[in-house]
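Lettered A, B, C, D and E in written order, each chain numbered from 1.
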Amino acid sequence: MTEPILEVSHLKKYFDIKGGVFGKSVGEVKAVDDLSFTVNEGEILGIVGESGCGKSTAGKSILRLIEPTDGSVKFEGTDLTDLTSEEMRQLRKNMQIIFQDPYASLNPRHKVERIISEPLLVHGMKSSKERKERVKELLEIVGLEAYHASRYPHQFSGGQRQRIGIARALANNPKLIICDEPVSALDVSVQSQILNLMEELRDKFKLTYVFIAHDLSVVKHISDRVGVMYLGRMVELTDKHTLFEDPKHPYTRALMSAVPIADPDVERERIILEGDVPSPSNPPTGCAFHTRCPYAMDICKEVRPEFENVDDKHLVACHLYN
Amino acid sequence: MLAYTSRRLLMLVPVLFGMTVITFSIIHLIPGNPAQTILGETATEEAISNLEETMGLNRNYFIQYTAYVGDLLQGDLGTSLRTKASITSEIGPRLAATMELTFFAMIFAVFIGINAGIISAWKQNSWFDFLAMVFALVGVSMPVFWLALMEQWLFAQELGWLPAYGRQESRNPIDPITHFYVIDSILHMDMKQLITTLKHLVLPSIALGTIPMAIIARMTRSSMLEVMKSDYVRTIRAKGSGQFLVIYKHALKNSIIPVLTVIGLQVGVLLGGAILTETIFSWPGIGRYVYEAINYRDYPVIQSGILVIAFLFVIINLVVDLLYAFIDPRIKY
Amino acid sequence: ACSGDEDESAEEVDATESSESDGEETDGSEGEGDSEASGESAGDQVLVFARGGDSESLDYASTTDGESSRVTKQIYESLLDFEKDSFEVKAGLAHDWEVSDDGLTYTFMLEEGVTFHDGTDFNAEAVKTNFERWADPDHEFAFTDDGYVYSMYGTMFGGFKGDEGHVIKEINVVNDHEIEFVLNQPLGFFLQNMAMSYFAITSPQALEEHGASINENPVGTGPFKFVSWSKDDSIVLEKFEDYRKDGLPKLDEVIFQVVPDNAARLIALRSGEIDIMDGLNPDDAAGIEQEESLVLHTRAANNFGYLGLNTQKEPLDDPLVRKAINHAIDRSAIAEALYAGYAQPAVNPVPPGYLGYNDELELYEYNLDKAKELLAEAGYEDGLEIELWTMPVARPYMPDPETVSEIIQNDLGKIGITAQIVREEWAPYLEKTAAGEQELYMLGWSGTNGDPDYFLSSLLHGSNAGSSNRSFYKNDEVDKLLDQAKRAVDQDERADLYKKAQEIIYEESPMIPLVHSEPVLATSSDVKNYVPHPSTSESLAEVELDR
Amino acid sequence: MSEPILTVQDLHTHFFTDNKEVPAVDGVSIDLHKGEVVGIVGESGCGKSVTSLSIMQLVPNPPGKIVNGNIYFKGKNLTDASEKQMRKIRGNEISMIFQEPMTSLDPLFTIGNQLIEAIRIHQKVSKKQAKSSAIELLNLVGIPRASEVVDEFPHQLSGGMRQRVMIAMAMSCDPEVLIADEPTTALDVTIQAQILDLMRKLNKEKQTSILLITHDLGVVAEMCDRVVVMYSGKVVEEGTVREILKDPKHPYTKGLIRSLPNIKATDQKLYSIPGTVMRPSLDQVGCRFAPRCDYAFDRCWEENPELLEQDTGRQVRCFLYEKEIERGVPSNDRTYS
Amino acid sequence: MHKEEKQDTQQAVANPPNKRHQMNSEEIEETTPLKETLQQLRKNRMAITGFLIIVFFLILGIFAPVLTPYGFEDQDPVNRLLTPSAEHWLGTDNLGRDIFTRIAYGARISLYVGFFAVIGALIFGTLLGIFAGYFGRWIDMLISRIFDILLAFPSILLAIAVVAILGSSLENALIAIAIINIPIFGRLVRSKVISLREEEYVLAAKAQGMKNGRIIWYHILPNSLAPIIVQATLGFGTAILEAAALGFLGLGAQPPTPEWGKMLADSRDFLQLAPWTLIFPGVSIMLVVLGFNLIGDGLRDALDPKMKS
């Protein structure tokens, strides 16, 4: 395996809960709480987790679109958290993001031309002719036509918009793209188009993806390695075959068994978890999952399990394995 | 709820501070010497400097401001230049008069406004809806003082139905207890007096209440329409409940929340409009007090009048906010 | 000689009043009976007097506000009084008085058996207390710390205790009912002053009791007692049963009602809600004259509004220019447009009917050609530009300064003078005009004691330049005449001196008197014996209602 | 098979907006039998919700209107029923739950209040009785601390809990039919599993017939007996779960199934249906799916295919099967594998 | 909202019979947001009425000198308080000035005040709102508190306070009105910016390495425009009402300026004798304000998809 292109260690992002007199903060939402993982060049790391577990926050914190509270993010060896905002700005060329909502991530008042050429301009492509060329090229890469450049986003369907988003992310030949649920807002039939496109692009441009999703089957389909998040932390991380064949963490197991399979012949043991996901503003002590865990032990209530290797390159945060 | 209340109360502090700074500035930023203003065209220079001395006009701003706030905290609004009476004592009955008027104007605005809004939303696109909304649009476009003048002309002068001025009959004045004449006449158990008092309230209340009424009607309607489209109204209907229950129990309560905000804000319009309406209807309230003070350049009164009205406005909005939390359980802290 | 006349007339009044009063009382009781039967509220003799603004203070000496004197006039009395419809002096709380030959000592004989509304006795000591209170800022009842200033005292008596020009040297109580004022120098209008309602006598006990809030708790000897004051709304007075003149007052109650809106006030008068309405819009007067149930009254002119010319500034330092402007102003248009004719175009800076009013002088003719000629003569054939300062507030002599300034601007435009209207707030207006920053400016003056000195000296005496003489007019001849007239005790002599002064002023045009307004007011025809006084306030003691 | 309890027959519901008529539901027929779970699947905008609202007679009017078709519930035609009659049926005999648990409860009233209201609309019971049955219902749907939850407000509950409350409300009068419009779409998988489990339980224990609307074929596989596949306002295929998932006939259904990334399947390139779903339109001639169909031929552009029915009740709307179905060949997997 | 848009798109890309597997893009109308808004507006009868009213008064104001033979200051004391007639369409006032003429010139003043007060408030309010919303923290804290304080005063009172300090004149009234409207725009923009700041396309712009200024200018500002435009249109109306109120109180325009509020104040005494001196200026104010309100409502409907029913 190649060098890790991205190293995230002990990343934390706490949001203040504003309240009290004069909007003082009266508490924190621990959206991301001590998250560590690495991504190797050319691989697709999938991250799954239920809604609100901090996936998007992690993605945005990595890119410093929101300032992380603590921890470090190394991109090709440089610690992003140390950079000035101007340095960071320059670096953004190399790391891009695609958002979940194809409707909200394109400025409704700009034409596609403008949307895609903006990053070019920002990173120094001054000649407008060159930019036009590049926009055309990009549109073709993502499977749209050149004439689409003169349209407004609302004139496209969801899938097409997502393609525009992808074209924009590709504009400056980035090395890493963080994909924040790029397909979850799309219909199934369209979803597969985008997934295929993303795979193609990865191969063509040697991209590295961090692919965030809540849909296990999508993640499984596209990723090389998969991390499972629960309440702001990573609970399990390994390559996808290992994960799907031999899930270790009780949460991962429950999650997998809960995914409905479109095959009436498949009979599975269903693990139905009790209760709801606790609130990240008031996470349980010890292992965050202990409130719903069928195997919870006394220690789980008090000690937070370390995120450790249990097998070869199979990281799990669970007292059952330590 | 308690926490919320105290939070809202504490949030008032910077606002009140800012308000006093602004009102304080009024007297210190006006052109010319206030002492000259008081004494008028026959004043001698000596008299002017004497007065400056007694009013402390020659000390530095910070000290003057501290003294001003100190006085305010003790409930002392200063002395009227014109009447030399304590503004605090002069303002009391006037405040009552204004509050009575604005209260009735608000009742008028809220009652008519909300009901018109509901019916309009219920019978969307009917002729009632159309007429009510045209009326409401005209209503919001009308200058208060003009409406007041027109009312006076039509109902007091041409038709002679209602009194043209004041709060009571001059010949038969009420013996004030609370200075809220409606309450007073009830306390005196004087039916005739009560009717007279109410009659005097009609024209100014309508003049003052028309704009808020129109705004409330529009707001209620659109908020109602919004709510009627909401998921939970659909749920309620799926339960098999009738239109009436939907509208008067669920939709109304839900749509009242944005309307409540509007009502809170409209109190400001009412209190501001009082300056104009009270002048026209000779209503001895705080609005007219300020108006006369403007004419006489009685700055301490202008200053205090504005402060008191703004304070009242702030308090009413506080109450609205609390009411809000009372109606809407989602507001917690 | 003068005093004897006064005395007689006062007695006459007394006599008639007492004889009438018998009948009145029976009337009153009948009225009460009626009202009880019909379930009406207390008595018919309740008069509602509606006016545009509230009183500022019921301690009149400390204000200059006309609406205040309207009420204090009913509650208080001065040592002397004015005739019903003129400024002629008659007896008041003093039934008789004497003046020493040198004009320096005045002795007043006070009415006996008079009590204040609070039951205390009126006596010489009370008079002394009151005058000392006004004269001495350190007096315990001067309430200087509460913002009380007795500016009218200062104006009328040449300043306050210790000031150089203060005319009252000492006040001596001869006995309970005789008091003596010793002056530093003669004062031609001392008696007039004593009749002013500013200098009315307050109960010393009340001063003691109420302190600075005496302005809200007036206690005097007048025909009506103070009952209540609801600010900006109404002041209620009731009959003082122990009033010194038998059978008076005739009314049981007087209510001064504030109705700021002219239109509303007239509506109320027509509907019978009020009995007297002050501040009638002159345009409505014609209509009222047609109505049987209403009576129109005019108050004799006691003021004048003027267009001042700063005689220190070019081009107004040239009398030709001043005269040209004088010829260009269409006073009758102003009188017509603003007062619907209820105003007289003004010739002199003194109201007509005043001592020494010069009626030989004729109104400057409204003549544009002549004005242009004069202007050309002065070297301004091509016209000129000038600032016209306009008052920001309405005054009785100038109820609508803005409109007047518009008319003047319009008139001046016709002879090629471009007037630039300048607006200042009231305080800076007064300050700056006193400092002479203005060119043309508008102001006016109202009489208080009915003496021409108050007009002429204040406005045109050289020593007042830079204060009340805002035209900066300095003419030694005029100054001399005015000084003489002020000191002279003989009224005929004074009249002559004033006439001479007016001639000079007329020629020199340091100010252009515009109009003397004659305020109109209307009453219901039920109101009897109501006579408006030129000073804006009249006693309602003799007024009665006949419903 | 017994008489269906609910029959939708050639339903046409159109929307009239901006001077245009949109046939959101264009000739849909569905049967639902007692104790059966029938799924309606289809992509966003294909008319699933409008169909269910039409059954409840709750289509917002204006702009929507049922222009044609009948809906029989226990023999009664609901399209002819008066509002008053419908009110008796809604929430009593046919209940409905909606996709958005977060917004489907009135935020200003307590859970108990809303449940009690639902109960008392149809049953003459005292408030007290209603309250105790409310608590019972909450227990039934597996809400812990039911006696406390009745006095709480919706915002105090999580999405899953709210959806349970919705179900409790729907079950309050033991309805014979429950229409569930994407009841779990807004929920997390683990919570979805809980809710589906609950619905299954109700179906088994109370024999409630369920019309389950979803776009998730996985959910269909787990829950349904029969499936109706809709595309652009029309039913394109109908059959048992097994038939549809194992042996799809309509090119759309086939494409749909093939484009699913499957948790069990191995890595391979996903199939994808080209183009996008389009909004139904009256001007449309020919098969609605033709523009996206790999097998469309000229006729598909010109003629609207009929719904072909086999004896078994299997239906498909595609010209490709005309011959085979006439011949009575039950299944065919000639083109796809 | 998204769903609606989605459906629009789907409809827009309806397929013609012989284009397979492809969005037929040729058929899409070339619409821009502006065009769409205008189209929406054109369909709105109320908005058109409003527009016509404003145009009427604009014409009246612009062509006033041509439309009437009189000047707005021309006094004619002999012909004072005349009833409306062929000579004086709307009668004369107490100085014999032609009321129609004064109303026509007054239209200039009202529109002028409305325009500049709103522009002033808009510029300052938008700037402050953007600063507060985009940079947050103490800047937001400070600016928001100032807004709170200004909004704690009923607006006309604040205007009175400002005019009391500055002195009464039309210009100062204009400044006062601008000041009282600043927090209204400011708050609006602030809340819009705060919500936009979290929008994914703004994050996307940031992710591309765009600078703050550019983000504000190209992404935030254009997208906050809709509510600002609506508020500005409605603000015209309120500004005109406020100016009239100040004029009426004698704190605004000074004579002989034919400001409508001032005209009403000057004619108050003639309510009985000459009601037309009061009716016409009042009706003018009402119509102009109504006009702006109608356009504002129409714009809101056209710009704010949420309000569409």
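Quick notes on this one:
As a working rule, a contact is a pair of C-beta atoms (placed from the backbone, for glycine too) under 8 Å apart; a residue touches a chain by one contact, two chains touch by 3 or more.
All values derive from a computational prediction rather than experimental measurement.
Contacts with chain D and chain E are shared by A, B.
Using mean Cα coordinates as chain centres, the one most removed from chain A is C.
Among the pairs B-E and A-E, the greater number of C-beta contacts is found at B-E.
Here the CA centre of chain A is 32 Å from the CA centre of chain D.
If you average the CA atoms of chain A and of chain B, the two centres end up 54 Å from each other. One simple way to say how far apart two chains are is to compare their mean CA positions; for chain A and chain C this gives 88 Å.
Centre-to-centre separation between chain C and chain E, using Cα means, comes to 50 Å. Listed for chain D are residues 44, 274, 276-277, each touching two or more other chains. Taken residue by residue, chain C touches two or more other chains at 261, 263, 267, 424-425, whereas all remaining positions touch fewer. Among all residues of chain B, those that touch two or more other chains are 30-31, 152-153, 157, 280, 295.
Interface of chain B with chain C (complex): residues 30-34, 36-45, 47, 50-51, 54-55, 79, 81-85, 90, 93-94, 152-153, 156-157, 160, 163-167, 169-173, 176, 279-282, 284-285, 288-289, 292, 295-297. Within the complex, the chain D residues that touch chain A are 43-44, 144, 158, 160-161, 188-194, 196-197, 215-222, 241-242, 245-246, 255-257, 259-264, 267, 269-274, 276-277. Chain C meets chain B in the complex at residues 41, 46, 48, 50, 53-57, 62-65, 137, 144-149, 151-152, 154-155, 212-213, 215-216, 230-234, 236, 255, 257-261, 263-265, 267-268, 271, 273-274, 393-394, 424-431, 443, 458, 467-468. Across the complex, chain D is touched by residues 229-242, 245, 250, 253-254, 327-330 of chain B. Against chain A, in their complex, chain E makes its touches with residues 2, 5-6, 8-10, 12-13, 23, 25, 28, 30-33, 141, 199-201, 203-211, 214, 218-219, 222-223.
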